[in-house]
Every structure is written in C-alpha cells, then in structure tokens.
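Input: structures, listed below.
Look at the two complexes coming up: subunit A is in both, with subunit B in one and subunit C in the other.
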Partner chain A sequence: MTKTSPALGEPLMQIRNLDKSFGGVKAVQDVSMDLRAGIVTTLVGPNGAGKTTFFNLITGNLARDSGQVTWLGQDTAGLKPYRLARAGVGRTYQDLRLFDGMSVWENVLNATEHGAFPMPISRAHRRGRRERMEHVLERTGLIDKRHTRAIDLAYAERKFLSMARIMATEAQLWLLDEPASGLDPNSYERFLTILREDVAGGVTVCIIEHNLDIVVGISDRIAFLDRGKLLADGDPKTVLNDPELARIYFGDRA
Partner chain B sequence: MEAYIYNLVNLIAIYAILAVTLNFIMGYAGIYSLAHAVFFGLGAYVAAWVALHVHPSIFVTLPAAMASAAALSLLLALPALRVRGEYFVAASLGLQVLAVTVFSEWKSFTGGIGGVLAIPPADVFGVEVFKPQHFAIVSIIALIVVIGLINALVHSSFGRNLRAIRDSESAAASFGKNVPMIKTLSVVISAALAAIAGALYASYMSFINVESFTLDTSVLVMAMVIIGGTGTVAGPIVGAALLMLLPSAISWIDFLPQTEVGALQQIIYGLGMTLLMIFRPGGIVGRRAAV
Partner chain C sequence: MLAIQLAITGLQTGALYALTAVGFSLIFGSTRIFHFAHGATFVIAAYLFYWVYGTGWGLVPGVLAATLGAVLFGLVLDRLVYVPIQRHEGSFFTVFVASFGVGIAVQNVIGMIFGRGFTSVSTPLSRSAEIIPGVYVSPLAWIAMLCTALLLGALHFFLRRTHTGTALRALADDPELVRTFGLNPRRIAATAFVVGSALVVPAAIITSATTGLNPTIGHHVMLISLAATIVGGIGSISGTMLAGLLLGLAESLALLVVDSQWTEAVTFAILFAFIIIRPSGLLGRIAAH
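Right, the complex of A and B next:
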C-alpha cells in the first residue's frame, strides 16, 4: 500500500465537466470534482441521483458523453476498466459481485493476482502475500470462514468479503458503493474501524453512503448529487446544515 | 472379447479427453461451445494428413493437430468473446455447421464424404501401435496428461481468473483482469487439447469421415459434461464412460431387435437427462441441488 503515494491533499483523480445521458435522461450533468490523497469524500443524494453512474463513468465501466478524467495526471480516456484497476483505482459494487463459487480465501487471493498467465512467484513473495491476506481476513472477521464459499456466507459477511477483496489489493483509491448499508451496529463499528485504519495508512476513499451517522463519522468532505448535478461540495457541516439540501434529501420536494 | 473391451477403453479415453477439455471452458469459464467436434475433427484430419504425407510419429502428428486447432479457435474466440456469452454459443454453432460443410466438400484434404482411408497407425518412438490393447496404453496416458494439465491450470491463478470471470466479469475486470484475453486463452487451450483426441482417433481408427465430427458429436460431448457434472474433475470422465457404454449395454439385451437399439438409446438419453436435471442438476459427480 506504500506506492509512490502523493502528499496528503494532492489531487489523485481530477474529474472535469463529466456528462452522461441515457436516452433523454441526463444521469450525470457537468460534474467536476477532485479526489485528493488521504481525503474521504462521501457522495450523498437521493436514489437515482447518479452516484453509481458517476462511479461507472470514472472507472470506465460506462463510456462518458463528454468531460475528462485524469488519474495521477494522466488522461484516462479510452482506458479499459482493468487497466485503471491495475493503475491503482479499486472499487466495490452495491450488489457486491462476489465470486460466489469460490471460497473466501480464493476471492481475496484472486483480488491480488493481475496477470492472465500463471507466473512463478518466489517463496518469500508467497509468504508475504499469505500474511497480508490473513491480516485482511482477521480485520474483516472472516478468518474462520476462509474455506467457506462466498455464496454460503451471511449478509454482513458478504459485505465484509467485498471489503476484504479491495483491502488485499494495492489500490490507492477506493470507490465504495454503499459498503455499510444494512449492517448491524457491531458490524458497522468494525467497518468504520477498518476504514479509519486504511485511510490512516494512506488510502484515499470515495464512498456512496445513505446512513448519515457514517457520513458524519468518516467524511472529510461531502459531495451532494441530485438529478445528476453536483449541488454542493464541501466540508460535512456546511453541506449537511444546508436547509435546501436537507429538503431534497429527505424528500420534501414540492 | 478382449479386443472388444480394449476398443471400448480407447473410445472412452478419446471421448473423455473431449469431455474434460470442454468442461474446462464450460465448467470453469462459463463458456458454452457447440463447436467442440470441429476441433476434434480438425485434429483428426490434420493428424491423418501429416501421418500420410510427413511422418506417422505421434510426436509430429499431435503438435500439428494441436497447432491447427489452436489457430482455428483463435479465429472463433477473438471476435466472439468480446460480446456477451449467448453470442459465443451462436458463433460456435455457426462454426460447427460451416465446418461440417468444409469437411464434406474439401475433398483433397478430408476426402469428402468418403473420408480419409488407410491412415498409418500411431508411431511411438518408432513402434507401430495398432492393437487395441496396446493403443489403450497410449490413449490412457494421453487422457492422464490432459487431465493433469487441466487440473494444474484450474488450480493456478489462471483457473481462479476463469472462475472469477464466470461469477462476475465486471468484478474480475475491477481487479485488473483482462477478461477477453483470459477467455480467449481458455478457448485456445481447450481446442488445442481437444485436437489430441482427434489425432488419437484418426490413427486408432485408420479411417475417418465427417460423420464423426458433426453437431451430434458436439452435443454428445456436452451431454457427457452435463450428465457427469459440470465444473468437477471426475464428472466429464464419468459422463464419457457412461454415454459410451450405454449403446453396448443396450446391445446386450437379447430380446431387443437390433433395429430398435438406436431408438431405445435416444429414449434413455432423453429420459436420463431430464431426470438428472430435475433431481441432480449438478450432474452425477456434482453438488446436490440446493434445497
């Protein structure tokens, strides 16, 4: 996790004038944002605001209509999602997309393996990787379930496996799509601890979250999206105390 | 009697190679191909041609067969794997239909409908292997080598990548996997190894024609995989043995007129397949259905 990490606050990903329409619906309109090293940015907004579409656009899973995204100063236009992933942009999915037929261990192991061909790896490297994976599984509480198939896990365990996979990678930026939704209070504490530790360890996080306790507990910055537009982008207190945004968020729309 | 049994052993080993290699893409990568008999056939024709015109050593015929099948599979995989899964099934079906036409019409290479005659027996280190009991050693060693290779691949990072892609392509890509490349490679490996079965078949039978490489064969091999257990190690071998033994088992029934054997066989296939899918969708060796 200690690559050539840029100084705290340096922009890792710069998003400029991002646009995307589906048919006549403008899913994302003219969104500009910087994701800065070591900063936790939370995307909030009502359902259908374009938060997940925004993730899909910046990772290249969806083609953008216009706008520019740079990663570590490089334009990402035309870059396939797997290339961007190798360059250090990790993501999770709201519907998890675990490798259901594989064990917990294999899910995490696979997240650390990039190449198409099986490459011989040294014993020291193998040992280092195993220790790192065991550490990740201990932190996510999955170490005793390492031989269980992903599909046989309970709901909260599945959410943590989704986190464990990204933790095992060397991604510098984590795009997390509702990682804590539906967690019980204990799991939720564990989740916050993990996130805080990894952020302290140098990971940059952009997270989609509905739970305002989490939002307040973890965010350095809040970006408020509604109907594809970025309505506010600033420190948590200012954004959350804006009566206009609260009205939109809690659905009191005229 | 002895020759009869060894003959069955050889055919089971050859079809088991086909089933094991098809299972590699079906069971691990989730790629359903209806063109497996094309690579079986191409392997057989190329091996026959090489044995007749170059050298009958299996160390010449096998590599030639494998290389041709790999090259042809690349032509199928490169365009077809860039789109969604269903299109691969359609594209492979197209290739199968096209190949049967080419196999029946390209007389200078395949002998047309009449086929290729008098293919020299397999030459292993200068020894001509033509008796079924001797050939059984060759075919079983080939089967073991293919199973060993596929098992090693499945348990390597390559195999994990295949299963990851089968479970979620988008998530696999998010973890840096070059999905089209990995899928293409798996199809090429599967086709090249299936050609081994073709090469063995040509030198064992000493006569081949298009009848053995039609869509029926592709479907039969797929049935072997499904009945035995998709995504398992032993499944395709059990499936191949079962479906190859079935016709012989039926022919042992004394009171059944020989003309009815084919019909009964079809009924048993159909009924067996239906019952299996209801009660054991994972196949004979596969996991039981989740309750």
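Right, the complex of A and C next:
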C-alpha cells in the first residue's frame, strides 16, 4: 500500500456492516461509518458500548465476524495489523500500554517508521528521525524527561507519552482511545492545542471520549454507539440534543 | 594454589556459560519461545568448527562455518518449527517438545557422522603455560574471557543504543503492541534468533579446543543456559551473564570439596537455592502477578 493524501473530506477509511460477537454477546452490530480526511469524529456512548472493540476491529487486532473495512480504497481483509499500521493507521490505548521499562526516548523510537527493519538506515534518514522525535517531545513537553523511564512518569506525562508515540508514527489516521481522560486543566489545554495543530496539519482523528466538553470542543462529527449499534452519526449539536440519546447516555436521571 | 587454578578455570568456563546462556536468555526473553534446541545450536557450531578446522582449512573458515551453521540453524528452526506451531495457537508445551525433539535429532545425526566418543581440536593456543608457580593457564582461557567481555559489551550497545535492539526489547515487553507501530513481530523474533544463536559460537569453538566435545554436550549446555536464565532472573541479560559466571566458578571450585562427577549437582543445588530463596533471580524483577 502506498501513502497518498486524499483531499479534505474524502473518505480515508470506509467501514461497512461491521459485526463482532463474543460468545452470545453482540459487541458490534452492523456498524457502517466513513472516516473522512481532516475530520475529527468522536465516538461516544456508555461504557461497554463497543467503542474500543470497534477500534480493535478496524485495526485488525481483533478478527471481525463479518463486514468490510477499506483503507484508501483497498480492502484490509487479511492485511496484518502491522501492515495497516505502516500504511498509515495509528492508535493509542485506553490503558496506554507504554513500554514501562524503557525511557521516553525509546518509547518514541519504537513508534517511528520500521519499513527496512532490521537493516540499518542511512545517516540522513537517521538525522531526520532524531529531529522529528525531538520535535514531538518538545510539543508534548517531554523533552527534558527523555531519559526517564516511562514507569517513573507522572500520570499526565504518561498520557502525553502515548500521544508522542502516535505523533512520531506519522500516521494519517489517529484512533485515540480516551486520550484526555483524567487530565488536569493545564494538560488538557496542551492536549487540545496539540490535537488542533495536527488536525490543521492534515491528520484525521477518530477519538473515544466521555467528557462532553471535550467532545463539543473538538468534534466535527459525533458517532453515538450503544450496545454495539450505531444509533446516530452526524453534527455534534444534533446528536447531543437528541433527548433519546441523552437518556441512554446519562441514564434515566436526565 | 589449587584454589587459584580452579578459580581461573572456573572463570574460563563461566565466561563461556555466560555467552551461551545470554544467547538463550535473549531468545526466550524476547520471543517467549522455549528454545530447548539452543544446545543443538552449540553442538552444530562446535562440530562444524571441528570438521572445517580439523580438515586443515584454517581458523577463519572454521569460525565462519560455525557461525553460519549456528545462525542458519536458529533461523530455519524458527521458520519451520516455531512459526507453524505458534500459528496454530501452539502451547508452551508443544514448543518445548518440538524443540526437545529437534535437539535429540541433531545429537543423533552428529553422532552418526562424527561418532559418539569424545573429540577435541588441538590448537597452538591450547597449551598451558605456568603463570605463577603451580598455576597453569592456556591462552584460550584469556581468549574466552576477552571474547565474552567484548561480545557482551557489543550486545549491550546493540540492545541499548540501536533501533533494532530497542525493538527487540519492545517485543519482550509487549509483543502485541509492536504491531501497532508497524513492526513485524516475526522479523524481530528472527533477529533475536540470529543474535542469540551467533552468541554460542565462540563458546562452542573454545570448548572444542579445551574440554572437548561429544554429541550429548548439548544437554549440558542447555541445562546451564536454563539454570543461568533462572538464577539470573528471567528477562535480565546482565543477570544471566552474572549467573553464567557464577555457575562456572561454582562448578570449578566445587572440585575443592567434591569429586568431578558431582559438579552438575552443584549447578542444581544453586538453581534450587535460588528458586527457594530468591525466585526472581539475581537481577530479575518480581512478576506482578
């Protein structure tokens, strides 16, 4: 697969009739969605709605029961997850999954491009990679902690390291699983700045988020999942003002 | 004087144990494949050297043949045995039995070709010189220690300072995760097999020129590698290295008190002591679960 840059609004990833069951539980049912270039899509929905499962299915980390996922017009069936990652699909994890015993620098290094592995890369290429990594660490505020082990970082720093890794991948599509949960207001502002800059720079984002302030602040589009079904998909205000969805999201109190 | 003599011999043995064990530890630590045939890698390398050097083709071709044989064996075994087993959700036990079987097959083939008895290579460096009264050391002892120090230093640099080495540690940490970053886990695993198998070569060659070879030596090598990996702390390369040295020294110094046929029991005694008193090993982290 070659990397191309589709125009704004063109579909990068097209998901059709995605299904997945675990035993008798239907985790994802007949979900179809387009992830379009330059658009920030937020997945909302109660816990257990199938949001993370949806990520796992479209990255190929989990085998789907049926349905089709295309990336840049090509079917991803049978494509190994690492191939899809190389083709431009990056993700973060809710539980971060940092390489805890490794330094900040090494964590980011592991996320950089690996096309030629294990062959050595050219000096110029290596210099370019180092500059890119330094840039990413400066933006996430981790440059002074580059030799610190991931496990010794504070909570917010760990969240930013997870972001730094996906920034270093140069992926076109970012699948972010609750990247801002638990952040203090300052860190949260920093996170929004980073995200806005990268979206302006051409990155397409699909983000799982519970905090509705964040959702409204950054989304172009909201997809509402409940019990594996896509109940609504559209303009943030319309989706969030739907009383039926609010009832599902907040429970009967609302 | 005897104690000094035994200590030096022990360091020589321990240095070679360290190399072999670190090779196993590297493969096991990063791929979680219980590569029991690591002992067979040792036997193949040793006999290839014995054959090429013994035929009179010289030292460099001998070393090259041994290295090539060891690396190819590791790679082919990974490709033809471990990869298919893992593809079918193979359990730890299946891998172990398959690997064990390959080890026995190699031992038998070597036995058929070279005979079952002891053989050894005689080199000009094998002759011992009296360094202080009553203490005899062959140049090979110094070469063994130097070789180990250089190679383990290089390995440390590789794992800590290069992109490839970092990826190897990443695989050990979270094999699922490396894929998210576009790394092919199979290729990293193959790299671990290349490096891990190559590390046994100096040990195999020096052993062929000192204590000598027989086809069953692979079992002893494997026992030591396994013991050193556990005593050192699973996943800790430095721990494995120290444990290798410790086991070599202990095995040699034990001769002060017991007869030579009991030395393997000393290895086990140390192993059990660690399992009971310090199960995480010398430098290992205690598992979280």
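Heads up, the rule we're going with is that the second predicted complex is superposed on the first by the 245 of 254 C-alpha atoms of A that agree within 3 Å, B and C clash if a C-alpha of one lies under 4 Å from a C-alpha of the other, contacts with A are read in each partner's own complex, and residues count from 1 in each chain.
As a convention for this text, contacts are C-beta pairs under 8 Å (C-beta built on N, C-alpha and C of every residue); 3 or more make two chains touch, one makes a residue touch a chain.
Just so you know, these numbers come straight off a predicted model, no measurement behind them.
Superposition of the two complexes onto subunit A shows a clash between subunit B and subunit C.
By the touch criterion defined above, A:156 reaches neither subunit B nor subunit C. Contact with neither subunit B nor subunit C is seen for A:69 once the two complexes are overlaid on the shared chain. Once the two complexes are overlaid on the shared chain, A:230 sits clear of subunit B and of subunit C alike. Looking at the shared chain after the overlay, A:137 reaches neither subunit B nor subunit C.
Legend: residue contacts after superposition of the two complexes on their common chain; A:58 is shown touching neither subunit B nor subunit C.
Looking at subunit A, you'll find residues 59, 61, 80-82, 85-86, 90-91, 97, 99-102, 106, 109-111, 113-115, 117-118, 165, 169 touch subunit B in one structure and subunit C in the other.
Residues of subunit B that touch subunit A in their complex: 153, 156-158, 160-161, 163-164, 166-168, 170-179, 181-182, 185, 231. Here subunit A touches subunit C in the complex through residues 59, 61, 80-83, 85-86, 90-91, 97, 99-102, 106, 109-115, 117-118, 120-121, 165, 169, going by the rule given at the top.
Residue ranges on subunit C touching subunit A, taken from their complex, read 163-164, 166-167, 169-170, 173-174, 176-185, 187-188, 191.
Within the complex formed with subunit B, the residues of subunit A that make contact are 59, 61, 80-82, 85-86, 90-91, 93, 97-102, 106, 109-111, 113-119, 165, 169.
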